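Heads up, there are several structures right after this.
In the two assemblies presented below, subunit A is common to both, partnered first by subunit B and then by subunit C.
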Partner chain A sequence: MPIRLENKNNLTVCHIDGEIDINSSPGIKKAFDKLIAKKEPKVVVNFSKVSYVDSSGLATLVEVLKNMRTYGGRLRLTNLSPKIKSLFEITKLEKLFDIVAEEEEAISTFM
Partner chain B sequence: MLNLGQSVFLKNNDKIKKTVVKIPSDIKYIRRISSKVLEAAASHEIDDSMKFDIRLCVEEALINAIVHGNRRDVTKPVKVTYWLKNSNLNIEVEDRGSGFDYRQLSDPTANDNIMKGSGRGVYLIRSLMDEVEYNDTGNKVKMTKRLGA
Partner chain C sequence: MEKEVVIKAENVIKKFGERTILNGISLEVYRGDTFVIMGGSGCGKSTFLRHITGALKPDSGKIYLLGKDLTRVSDDEMDALKKKIGMCFQSAALFDSMTVGENVSLPLREHTKLERGVIDIVVKMKLELVGLRGFEDLMPSQLSGGMRKRVGLARAIAMDPEIVFYDEPTAGLDPIVAGVIDKLILDLSKKLSITSIVVTHDMKSVFSIADRVAMLYEGKVLEVGTSDEIKRSNNPSVQQFISGSPDGPIRFFQQKDDYLEHLIR
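Up next is the complex of A and B:
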């Protein structure tokens, strides 16, 4: 699972390319664990190249959010396809996650 | 156990062609099975959104069967049966586990559960499929998606 990290405006943008499912979730979790170990204060996850998410992927993202909250870190999700966004709506995870339409907006308004 | 890719075609009294596939309890097979089910639905014009829903529900049911039902014991098969009837795509997934009480599942969207890691698979199936039935034991789920004309 290719994950590209980028520093922009003092925050980390994480680009995930592919599917976030039961097969890829352990690798994605490991990548986020490194950011959490460094207590990254602000992380934006860009979903523009994510084509599929299953319940394991959703659980992984919840785990990342939970772990970031332990040190006051904040997570933003951006560029979700309408279909993937609908999964967050169905599962009510949209209430839990900070979801912003576009990466540029997610970065510029991340105070 | 049948090799993956070998299917048994059953015809019941309604002359419905059912495809039966048995796979070992290993998650590496789930993508191939969801693809096969989508191929079966290809005679209907279904959009990408419906394809996503069908794939997701099949894979969630398979994950439940492999991980929770058969506890990843590769000697225990998961049986998948799928067929089209009156523009309905029907998929049954059966494991060899002791089953679970689907009536007792907690609501993963409730405030007390929203941060939990589990429980969303069955919830997504129930949300995205048109009909979902479990057998009494809870080790077999039948899902139906109406494909339209």
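Up next is the complex of A and C:
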């Protein structure tokens, strides 16, 4: 599984490694489903080791956000490469997601 | 920087019976380009398209798609390649018994393990790109010709292909709708960094979308170059095709001396 979970300051940080694509998205979705089942209130996804995101990856993140919102959970994305950030912009998703430049800032300001 | 070649044809020859349809076609397509294959009816352009998508094999010559030799690939390799290409057919080729959403999601339902909720979101994203979000539940019969083509395009890009092949995308559309489709092809190519191969005889389309153009005639590449190079070509056949003149080196009828003999044979 290319996803590692870490507890920091009472929130969960997800480190995803590699590509979020048609092949890896179903597995990544299952990992998030476990957090959602526990009604995890705050989740930060660190993209520093993500090399590529395709449409299915974006759709998976949208579905996770949608499901977290049902119980008031919040999702924050951080450390996006310029290429991946522009992908969020092209698809108009940068306004849907809470995107913060660095993990440290994402955690310390996640009230 | 040297451009990456994503399609390469080397001396491709194909005969159907006695007729030579492709007579030694060689060309290269670069990543990210919109490459237009133009030519009149029967020049071999659609047959060539079917070769570079792996639907037909040449009698001789080589075709490389994303680095793989299509004359030698295994079935598994071909299946993997097919996931990296999208096809947009002349007739849109939608399934009339399925809704727009079901048509667009078909490749994802067939080829991936994505769950329903995620697939529904991908469908909305793709329909947004072609300007048809909100039309998910309509049937193809409730759409105009241009809208059907846009649905076909949304389906072609459902799997995030590296290359999209378009067969006569503006055929049968009025000039305004044809312009919309052309703009969409350009937008998608640039936004999503897709390589587009467009087969057409619509000259207006050719020069509004092409980075590079190959003109085919009688199964051969008459000329290949940028849009400007083709426009400035000294080749009388190319100029005849651009101007749409019935008179010139391109013959529209197969004139044969044995007509009378053929009648009484």
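Here is the rule we use: the second predicted complex is superposed on the first by the 110 of 111 C-alpha atoms of A that agree within 3 Å, B and C clash if a C-alpha of one lies under 4 Å from a C-alpha of the other, contacts with A are read in each partner's own complex, and residues count from 1 in each chain.
Simple rule for what comes next: contacts are C-beta pairs under 8 Å (C-beta built on N, C-alpha and C of every residue); 3 or more make two chains touch, one makes a residue touch a chain.
Please read these numbers as outputs of a predicted model, since none were measured by experiment.
The superposition on subunit A brings subunit B into a clash with subunit C.
In the superposed model, A:Glu63 lies in contact with both subunit B and subunit C. When the two structures are aligned on the shared chain, A:Lys83 is found in touch with subunit B, with no touch to subunit C. In the overlay built on the shared chain, the residue A:Ile22 is in contact with subunit B and with subunit C. Contacts of A:Ser55 after superposition on the shared chain: both subunit B and subunit C are touched.
Once the two complexes are laid over each other on the shared chain, residue contacts for A:Lys95 go to subunit B alone; subunit C is not touched. Shared contact residues on subunit A (touching subunit B in one structure, subunit C in the other): 21-22, 54-56, 58-59, 62-63, 66, 90-92. Interface residues of subunit A, counted against subunit C in their complex, comprise 21-22, 25-26, 29, 54-56, 58-60, 62-63, 66, 90-92.
By the touch criterion stated above, subunit A contacts subunit B in their complex at residues 21-23, 52, 54-56, 58-59, 62-63, 66, 83, 87, 90-93, 95-96. The touching residues of subunit B, when paired with subunit A in their complex, are 27-28, 30, 48-49, 52, 55-56, 59-60, 63, 108-109, 114-118, 120-121, 123-124, 127-128. Subunit C makes touch with subunit A in their complex at residues 83, 108, 111-115, 117-119, 121-122, 125-126, 128, 158-160, 191-192.
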